Amino acid sequence: MEWETVIGLEVHVQLLTKSKLFSGSSTRFGAEPNTQACAVDIALPGVLPVMNKEAARMAVKFGLAVGATINRRSVFARKNYFYPDLPKGYQISQYELPVVQLGRLVIDVDGERKEIGITRAHLEEDAGKSLHEEFEGLTGIDLNRAGTPLLEIVSEPDMRSAREAVAYLKKLHVLVRYLGICDGNMQEGSFRCDANVSVRPKGQHAFGTRAELKNINSFRFVEKAIEYEIARQIDLIEGGGKVVQETRLYDSVRNETRSMRSKEEAHDYRYFPDPDLLPLQLEAGFIEETAKSLPELPDAKRERFVREYGLTAYDAEVLTGAHEMADYYEAAVGAAPGQSKLTANWVIGDLSGYLNRDNLEVAAAPVTADMLAGLIRRIADNTISGKIAKEIFEAMWGGEGDADAVIEKKGLRQITDGSAIERAIEDIMARNPKQLEQYRCGQEKLFGFFVGQVMKATQGKANPAQVNELLRKKLSGTPA
Amino acid sequence: MSLDRTDVERIAHLARLEVGEQELAAYAETLSRILGLIEQMNAVDTEGIAPMSHPLDAGMRFRADEVTETDQREVFQSIAPSAQAGLYLVPKVIE
Amino acid sequence: MHRPFGSLILPMSMHEKSLAELSTALNNKYISSHELTLAYLDRIEAHRDLNAFVTVDRARALKQAQAADARLKSGQSNVLTGIPIAQKDIFCTDGLPTTCGSRMLANFVAPYDATVIQKFNAAGCVLLGKTNMDEFAMGSSNETSFFGPVHNPWDRRCVPGGSSGGSAAAVAARLAPAATGTDTGGSIRQPAALTGITGLKPSYGRVSRYGMIAFASSLDQGGPMARSAEDAALLLNVMAGFDPRDSTSVDRPVPDYTRTLDESVAGLRIGLPREYFGEGLGTEVGRVIEAALDQYRKLGAKVVEVSLPNSRLAIPCYYVLAPAEASSNLARYDGVRYGYRAPEYADLWEMYAKTRAQGFGAEVKRRIMIGTYALSAGYYDAYYLKAQKLRRLISGDFDRAFEHCDVIMGPTSPTTAFEFGSKTDDPVAMYLSDIYTISVNLAGLPGMSIPAGFDGSRRPIGLQIIGRYFDEARLLNVAHKYQQVTDWHLRVPEGF
């Protein structure tokens, strides 16, 4: 039988606010346990929540960016359950009325565009962390994360393959970073994904029973976990079994998903409107003001790069994959006018390579956009060759100054003086009579040998085109 | 509506309250009586009435996104039943 | 309104003075805050059998009094500087136990001050002690306190009402010049009525709830409990005001509540809800309320009949909403970060279930269970949502009634103080004690109880005055005018 996969994603995006959703504690990652857990976060008797306005602004930003409806009135509810990392015994979340509803995101898989619906995005607070390792037989609770603002973004079950799911997730990842509402750090848990996966016979309208996959904290694991889960479900059904609706944990070491048995006896969260908080009412002015603050979004930027800089769709896609990279590119092109393609090659090639090698963010690159533009200008005006440029780039990366300084210091200026190149050629011909003889007897592949010798003698500085031209004349014996 | 022992067990479980076998019947009886009182509500037709969740007819009050709290871990954990190395300790959570 | 003092004031008689009189005495240095505080501490000690206080820290109180004396000397004082105040043990107090009448918090020393406490500190008041109360403010008799019941100073066999029974008894017995209370369904007004003192539940949002341990967040409100409306006005001047830490506190200016106390009540329209005078109202209570209304007529007020047709539904509605909110508010007491933890447990589940079973008393557990049930899957619409709709109807009744009157009057409680144990076996009977007070909380309106007489057994009877939203000044004015022509509020139980 032919099977169709149905995938919906729930993504928890940690908002980049300085303080928590309902308290004035810092949200900074990596502090000593419980040093960023104030009276409100640890739920002392008598404390009350007061909402962070920036979190509302960020949620609205997201909603506008995905073309969603912004609900002018939404409600915070309490989701009641007991867990040691949930200090109040309830999580403040939005239930019936979320702040954002009905948006969409367009993904591109193998050149095919597809619209993925966004059902809703709602604000809620994060829980703390349970640490199981350090104390024998006991669990340690760190509440630093408790109360950190999250935007939970729920997609429609519109994805039909693991690759589509990953494309959606990557698109979302780029978007929230563009908007400046999330740092996107998956290792630190700032961008977390749960996947609802089910399969059904192709052509069947009704959905199959779904499993919820948790703990998939990298793009690669999302793809692998979903692939595994699809195979498991198909095997199960074809073997006469039935998929059970349950939560499954992905184990990246074994590359398998397994049932989180027992965790739940049936949940009964007893949602009700939080009486400590009044409805989240958003003024039209607030929404308009937020709309004005929206940056250029990834799709618009990509199209503009193709149009304005004459880049290929691929190059534009890569360059706009992160707004920091796009900004770097635009700054560099601005300082090296007319060199948009060459600049794109350098940013996508060497710059990205070095950043990866040194595990650096583009903002921390030792070669700034201005410095790269300086280098590109010297390539363009023939001061240096592309090959020498790579050497200069490495020197700049190592902190040896800008391109002109490195060229000067290392004497890397390209030799374009014909007589100097001729002298070098003559010298080499004189020292290699045997090769000259063979060349002149028809072994033309020795041409490469002579090019190499000339470049070596000029320490690579000779203009390659000139070398070729002069060498051909000299070797054939015709007078210059 | 009256509650039986199973209902009481289910509610007590949700509320994380240990209720002894011998208390179940008494709880069922008392809670049923309270529910009897509550069900006087049914005498009134509330069709079309908007629920009122709060006496205040106003919108959310906001605070600015500023860090205003400082570390008070030592003070807070001095009153904790069990804390070590800055963490609150509880019996092992089984996942 | 200030009666002049004699030249020689003995601390012995201090407890008979009003706040205004005490303020004059302190500011004129007839007496020091230290002397005054000591006098009250001694009275508390002498009447420990009332069990009105859970915590009294003499050394701390006296130290605070000395600081107040320094402030009085420096001229940096307010009206209430140096006056000792008893605080209901529901307000968190930095460095002092805050128990909320529960075993769950018997060992809980709050690491911060409630906003109300901060305001009293800023005014230079002395924290005399923390008063006993029904556990987590759930009760109408003070019998649910983990620390044992409070005795009514008018009749020690009787309850003082609840949940602010300790504060009520302390003020009635003159163990404190004034006290604070909190009122979710009548917890200030009903004990005020049963002990013959003046109590005011302000409009929802008038007094900050920050640091006031939550019972039912959409109903709870702190307020003053005092000997007179004038004293209550002075306390409310300190307590009221916007608090950025409480999202439900209202940002409206606070008037000086003493300024309008003396305004005439001639022409005042008093609404009398016919539903408050039917079945269940004690005949003696009814007679006293009638007499009080006559007094108001003499002052030039007009009495008009109004109707609150849905008021009979207030109790069922309240006993869904308050327990539902409470079941969630009390989930934080889990033995993890503070408070009681059961000594023995096999695993996390047992730690939770035993901690909560042992830490909470019977009434609290009953309400948690009712609330949990009302919110649980399949029952939410029938109970919680239905109750919220009724709340709208009850609130609307008041809106319509206030089209015809300026204040509403009636009994605070259907009966006078009842004997210990007479209702403990029947929670439903106990719940009916709040039949006249609960709807006011559901609507978020201000309500007051003032002493208006006694029954044949010399047990006090309270007159309830209900006002429009944020009309506290009017309530205090209306109460004050009555107290100018009556002396019920000056009566002190025998032996005090």
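Chains: A, B and C, in written order; residue numbering restarts at 1 for each.
To be clear about the criterion, a contact is a pair of C-beta atoms (placed from the backbone, for glycine too) under 8 Å apart; a residue touches a chain by one contact, two chains touch by 3 or more.
On a predicted model such as this, the values are computed, not experimentally measured, just so you know.
K.L.:
Using the touch definition from the top, what's the fewest steps needed to get from subunit A to subunit B?
P.N.:
So the least number of steps between the two chains is 1.
K.L.:
Closest chain to the protein CA centroid?
P.N.:
It is chain B that sits nearest the middle.
K.L.:
Between subunit A and subunit B, tell me the centre distance in angstrom, where each centre is the average of that chain's C-alpha atoms.
P.N.:
41
K.L.:
Centre to centre, by mean C-alpha position, how many angstrom separate subunit A and subunit C?
P.N.:
The separation of the two C-alpha centroids amounts to 58 Å.
K.L.:
Determine the centre-to-centre distance between subunit B and subunit C, using the mean Cα coordinates as centres, and give it in whole Å.
P.N.:
24
K.L.:
For subunit C, which residues are shared contacts with two or more other chains?
P.N.:
108, 111, 218, 244, 247-248, 327, 331, 334, 336-338, 348, 352, 372, 376
K.L.:
Out of subunit B, which residues touch more than one other chain, so two or more?
P.N.:
Within subunit B, the residues that touch at least two other chains are 14, 16, 53-54, 56, 58, 60-61, 63, 72, 76, 88, 90-94.
K.L.:
Of all the residues in subunit A, which ones touch at least 2 other chains?
P.N.:
39, 42, 44, 50-51, 82, 84, 139, 141, 268, 270, 272, 275, 277-278
K.L.:
Contact residues on subunit C for subunit A in the complex?
P.N.:
These residues of subunit C touch subunit A: 91-92, 98, 100, 105, 108, 110-112, 114, 209-214, 216-218, 244-248, 324-325, 327-328, 330-332, 334, 336-338, 348, 352, 372, 375-377, 380, 384.
K.L.:
Mind listing the subunit B positions that touch subunit A in their complex?
P.N.:
For this pair, the touching residues of subunit B are 13-14, 16, 53-54, 56, 58-69, 71-73, 76-77, 84-95.
K.L.:
Under the touch definition given earlier, write down the residues of subunit B that touch subunit C in their complex.
P.N.:
Touching subunit C from subunit B are residues 3, 7-8, 11-12, 14-19, 27, 30-31, 33-44, 46, 49-56, 58, 60-61, 63, 72, 75-76, 79-82, 88, 90-94.
K.L.:
Mind pulling up the subunit A residues that touch subunit B in the complex?
P.N.:
For subunit A paired with subunit B, touching residues are 17-19, 23-26, 32-39, 42, 44, 50-56, 73, 82-84, 130-132, 134-135, 137-143, 249, 260, 262-263, 265, 268, 270, 272-273, 275, 277-281.
K.L.:
For the complex, which residues does subunit C have touching subunit B?
P.N.:
107-109, 111, 204-205, 218-219, 244, 247-248, 250, 310, 312-313, 315-317, 319-320, 327, 331, 334-341, 345-354, 356-357, 360, 365-366, 368-370, 372-374, 376, 383, 385-393, 395, 427-428, 431, 442-444
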